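First, the structure itself, so that you have it in front of you.
Order of writing sets the labels: A, B, C, D and E. Residues in every chain begin at 1.
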Amino acid sequence: NDSGDSADAAGSDGLTKITLASSPLGHLAPIYLAQDNGIFAKHGLQVEVDTETSDLTSVPSVLARKVDFATGDLTTLIVARTQGLDVKAVVPASASTGKAGADYGALVVAGDSGITSPKQLEGKTVAVNILTNIAAAAAREAVRADGGDSESLKLVEIPFPQVPAAISEGRVDGAWVVEPFLSAAKAQGAVPIGWGFTDLAEDLTVSAWYTSGALVAQKPEVVTAFRAAIREAFAYARDHEDEVRAKIPTFTQITPDVAGKITITGWRDEVSRQAAEKLAGYAQRDGLISTTPDLDELILP
Amino acid sequence: MTTSSRTPAPTRGLAGGGPAGRRLLGAVGLLLSAAGYEAVTRAFFSPLHVPPLSAILPQALRLLAEPRFWTATGRTLLVAAIGLLIAVLAGVVVGFAIGSVPWLLRTASSTLDFLRPVPSIVLIPVLVLVLDVTQITVLLVAVSCFWIVLFQVLYGLRDVDQVAVDTARTIRLGRWGRIVHVTWPTVLPYLGTALRLVVSVALALAITGGLVMGAAGLGELIWSSQESGESTGMYALVLLTGAVGIALDLAARLAERRLLHWHVATRRELATP
Amino acid sequence: MTTDEALLRIVDLGKSYRSRERTVQALAGVDLSVRDGEFVTVVGPSGCGKTTLLKIVAGLLPASTGDVVLAGQRVTEPPADLGVVFQEYGRSLFAWKTVRQNVELPLRSRGVGRTVRRELVAEALDAVGLGPAADAYPWQLSGGMQQRVAIARAVAYRPRLLLMDEPFSAVDAQTRGDLEDLLAGLWRRYATTVLFVTHDIDEAVYLGQRVVVLGASPAGVVAQFPIDLPAVRDQLDTRSSARFGELRAQVYAQVRRTPQPTRRVPEVTR
Amino acid sequence: MTTDEALLRIVDLGKSYRSRERTVQALAGVDLSVRDGEFVTVVGPSGCGKTTLLKIVAGLLPASTGDVVLAGQRVTEPPADLGVVFQEYGRSLFAWKTVRQNVELPLRSRGVGRTVRRELVAEALDAVGLGPAADAYPWQLSGGMQQRVAIARAVAYRPRLLLMDEPFSAVDAQTRGDLEDLLAGLWRRYATTVLFVTHDIDEAVYLGQRVVVLGASPAGVVAQFPIDLPAVRDQLDTRSSARFGELRAQVYAQVRRTPQPTRRVPEVTR
Amino acid sequence: MRATVIAGLARGTRAAALALGLPVVLFVAWWLLSANSTNIFLPPLSRIVEAFGQVWLSDVFLRDVLPSLRRLATGYAAALLVGVGVGYLVGRWAVVRDLTSPILAYFRVLPAPVLIPVLLVAVGIGDATKLIVIALGAVWPILLNTADGVRAVDDVQLDTAAVYRLRHRTRHGLILRAASPQIFAGARQALGISLIVMVVSEMLMSTDGLGFTVIRFQRTFAIPQMWSGVLLLGLLGFGLAKLFELIERRVLRWHRGATGREEPR
């Protein structure tokens, strides 16, 4: 599909075809539910989900208009925007539940480590999945919110799937982890001590659906329709959590058993501006970017 | 000389290293490693982190019954095969071209040395502008294997015996004839080594493509098992991947033995006391 | 031997091998002419430069000084219709080809048709006594058999100029005699020009129309002996003829006189 | 020659090379005993199995049938104090070692002290006329020179049993004579037992205390000739002696009678 | 590396011109073709060179490149040791080969990202894991080439060693030496591979290193900087290759001579 522009192909049934790119992760559940329930069609869209994608490829794919929308964590999008990449965050893809103690991401330590609060992690080694994305910010924020020196954390990259092992084998002192690994880690004796997502913002947007500025300029109606459809999908998901849990095992390897127990991400309609500002600050402090980003350019009003 | 042609070869025992014997030994080696793995994992690791073989095997057997495993394997093998084919063809052609023209080698070698260590993985975001992930995976496979084939050919070409070349020159074999009759057979053993290397590299990279870019196939299956916290499932996939690797290696060895039956190494192995 | 009828003219040829540690002057001031159809045998002490000379004539090695002219052309690369039996016969056979394929290759390369080729190959292999071993690989053969394959290859090719570097060194006396006669027969029949290096002075006299004696390293032509034996020779009669004895003695005497590379025989042999 | 004083006993030795396509019976029913300190020369047609025999005696090749017993011990691996000059002398030299290092290597491995070693090596190299080439690499040498390096290596080693496979095939007549005398001298002095394969019947008679004639493939011992020439021999006197002539003629006649591997000389030579 | 270049110049401007000719041409072509590029992922070469100066000609070199080179050297050395050692065993004894070939084939196909999780648990997050990953990536070409080289050693050479009852150590040495042309082929392959694997190994669990920094640039869309890292990797590869060649020229001179490639002048 190197036509470079897939959003203009109107199907025979009058629907506009759009392609969404995302790794097959839990946040796709509302999308599939919306597909099943004809929500996209209602908004004049025909959605194709391209799961053959990764963090490495999604931004260039969107900019080259090989796909129309993709998911990316907010920090990554802020950084991209600041580097002059014309990305527009349209609508959240996953968000904090807003409930400290019951969020889908947490700062965990080994149960027998004697550490009970994030502040005690000062100067210790903490794992995050990627140093340049929102996880790093969440880990630091948890410590800062507890009155600790977030700069003193020694962050090291360990993919989420390895976190339970890394914690229980004592390879790291603490780790930022999200579901389903949060549950797995807890099952193996880890205890959550900090809730960086809610510390960052009550309504934190963790990752967002974004598109290219070019698409926004050329086909604003498609973008708006997409946003509306997603919001409707979220509304449906909020009301049908069991359907979401049932959906997850169909496109991931997560077993129904696990899917029934994990904390589901929150669904929010607006990309959190306040959180974005905070994240931009972290990104600047961590040297990911050197200038202040123009968030108005990033977040589609 | 009493040449009684077509005397049936004597049946070789285990010690003689007949094909059955050597395969049996290989199986013994596998069993020993399996037992070692089982013991080590049981002794030192939590089954949640590094599951023992006894936990992996049933899962692997279950996978074998699942069509999606076979589709994924098929895809991965196809990608690996296409990349491999490109690499071997390009590597051999470029290798022989550069290797048999001295000034070309001298001109190109610095550029080759420069390009060799460029990791394709870093350039994926750039490549994705023009290729889709499957194509990138093919490219990843092809490029990595190309280098291996190329260097192996270049080194093989250095092994060509001067007397053989002189012989070819006096009977006025052309450049092409010299390649076919003299250099190619000399390089072949080096290519045999390359083939075994490259078969596994191709498979490994086809999987890496799935792991880092989500290209459909075994790699993507492994990735999603990992992402879903299904470590036993992941290890089962890794086990099966390794099995595919063993099968490919076996095929490569067979091919090598047929092609190189005249080579010292092969003939020494086939010699009967 | 006037130069205008010469097929091969070697003029003031010199060759030195230079490497980091040592420089060896292998040939210096070699002058030699060979008429078309002549059979010239070359003798000389080990290491004096005979192989080097042959390689330069074959166009395989560049000379350091001087020229080699074949049929009016300076030799810079192997000329057409050249047959060579290398001293390292083993290495000159292709291990990946059967005996038959080895012998056949030059003919294929020359474009000889399939049937003729088969015939030539079979004939040559029979002539050297390797008919039954045609389908063996070189490494399945004894040293002498390998050498005979190399000879068969050169012979089947029917070259115009045949260079042979100690081609019978690894075969037994009986076979050697047969091969000598085979070679002499071919030479008479096809008017091949032959340059033949040997360490066997009897052989040199028996085969050659002229024996060239090279001196110790660096080799130069020390003496030449025209051999006025009858054209058709015979192992028994020729070798027992008085003239053969005389010529042989002459060459021997010359070789004795030729300075040898330094060699000190230790006391133990006294 | 009673068996109880034999150093080497070869009993009903047979060897066949088997490969997928062909089976070659190289040796069959070879019986041979060699006394301690005896010099036995072996002649036989090319490809009959001489090299095979030597390799089995050296413990390099397992026999198919029969036994080789050396000093009361069955030979299954190379015995101690064995020196071998291989027919493929070129391949037996280590290309990354200089001539000196090649000759020195077996001595070092045997633990001979540095000074003695140096001396032995220098002496051996001088004896074969390679003193000046001591620091060259094998590939910088002519064929004959390489062969002499292999000889020097065997000689410097002072083996108890010396196996030589056509060791003088690539050297000139003059050098060959010198090397023959060198070898004879060493043999007399150190009472080395020598098994010497050659294609030169004169050489076999000149050097040996006994000449063993092997028959065509599969090789068996066809005849043995005790050589009753005086122990100390001389290139001129011995070779021109009447007895030498007689013995030589006897061996020749035997070799003539020995069936040769099939060889059909094509019409062209008629 | 600069020393090598200078030595090359000293040896003859012709050789240097030949060696540098094509890279210079390609560089100029890249420069011209990319000069007006607006594609953010394919920045003009001038920007890349500028970024190169800013990024690498600073203390980053000490902080990132040196640790990486240290890991590379250690991992590569380990690969050499293990590769030649195991390769020798495998090549020399058919029993070892038959016993191990399937299991070695098994490990050959495991890509680094699959191994890292196991190593994380078994070895930890320190440098050791990276070293193992580098060594595991680089070991195969060395191992296979050593095994095949050892298998192909000439019979007559083996026979010679056996007849003179050379000491075992001497004999092993001779066989390795005879196989060294092919071992060098493997070592050369491994050099390129180990550089790449070094980058891959630094993608995870790292806090410094050339690979770490390049990947960080990639993830933060610092595209010119990322390209400058690629450039640096190329230069490193070039320098290491030249160093390798220097050693190889000495060690394999006999092979050039024996195969007739050491041109007598």
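For this structure, a couple of remarks:
We take it that contacts are C-beta pairs under 8 Å (C-beta built on N, C-alpha and C of every residue); 3 or more make two chains touch, one makes a residue touch a chain.
The chain list, named the UniProt way, goes like this: E = ABC transporter permease subunit.
All values reported here derive from a predicted model rather than from experimental measurement.
Number of steps on the shortest path from chain A to chain D, with steps defined by chain touch: 2.
Without chain E, the rest of the assembly holds together as one piece through touching. Within the contact network of the assembly, the step distance from chain B to chain E comes to 1. Interface comparison, A-B versus A-E: the pair with the greater number of contacting C-beta pairs is A-B. Simply put, chain C must spin 180° to overlay its Cα atoms on chain D, rounded in steps of 5. Most remote from chain D, judged by the distance between CA-atom centroids, is A. Each chain gets one centre point, the mean of its Cα atoms, and the points for chain B and chain C are 47 Å apart. Rounded to whole angstrom, the centroid-to-centroid distance between chain A and chain E, based on C-alpha atoms, equals 38 Å. Centres computed as Cα averages put chain A at a distance of 83 Å from chain C. Shown for chain B are the residues in touch with two or more other chains, namely 1, 3, 49, 125-126, 129, 161, 163, 166, 212, 226, 263-264, 267. Residues of chain A in contact with two or more other chains: 56, 59-60, 159, 161, 165, 169. Residue positions 17, 19, 88, 91, 132 of chain C are each in touch with at least two other chains.
Residues 17, 19, 21-22, 24, 43-47, 49-51, 87-88, 90-91, 123, 126-129, 131-132, 135-136, 140-145, 148, 166, 169-176, 178, 181-182, 184-186, 189, 199-201, 252, 255-256, 260-266, 268-270 of chain C are the ones that touch chain D when the two sit in their complex. Across the complex, chain A meets chain B through its residues 1-2, 23-25, 51-54, 56-57, 59-61, 64, 66, 159-161, 164-165, 168-169, 180-181, 184, 188, 252-255, 258. Of all residues in chain E, only 40-41, 116-117, 120-121, 124-125, 203-207, 216, 218-223 touch chain A in the complex they form. Contact residues on chain B toward chain E in their complex (touch as defined above): 17, 21-23, 25-30, 32-33, 44-45, 49-50, 103, 106-111, 113-119, 121-123, 125-126, 129, 144, 147-148, 151-152, 155-156, 158-163, 165-166, 189-190, 192-193, 196-197, 200-201, 203-205, 207-208, 211-212, 219, 222, 226, 238, 241-246, 248-250, 253, 263-265, 268-269.
Across the complex, chain C meets chain B through its residues 55, 58-60, 77-78, 80, 82-84, 86, 88, 91-92, 94-97, 105-106, 109-110, 132-133, 137, 139, 157.
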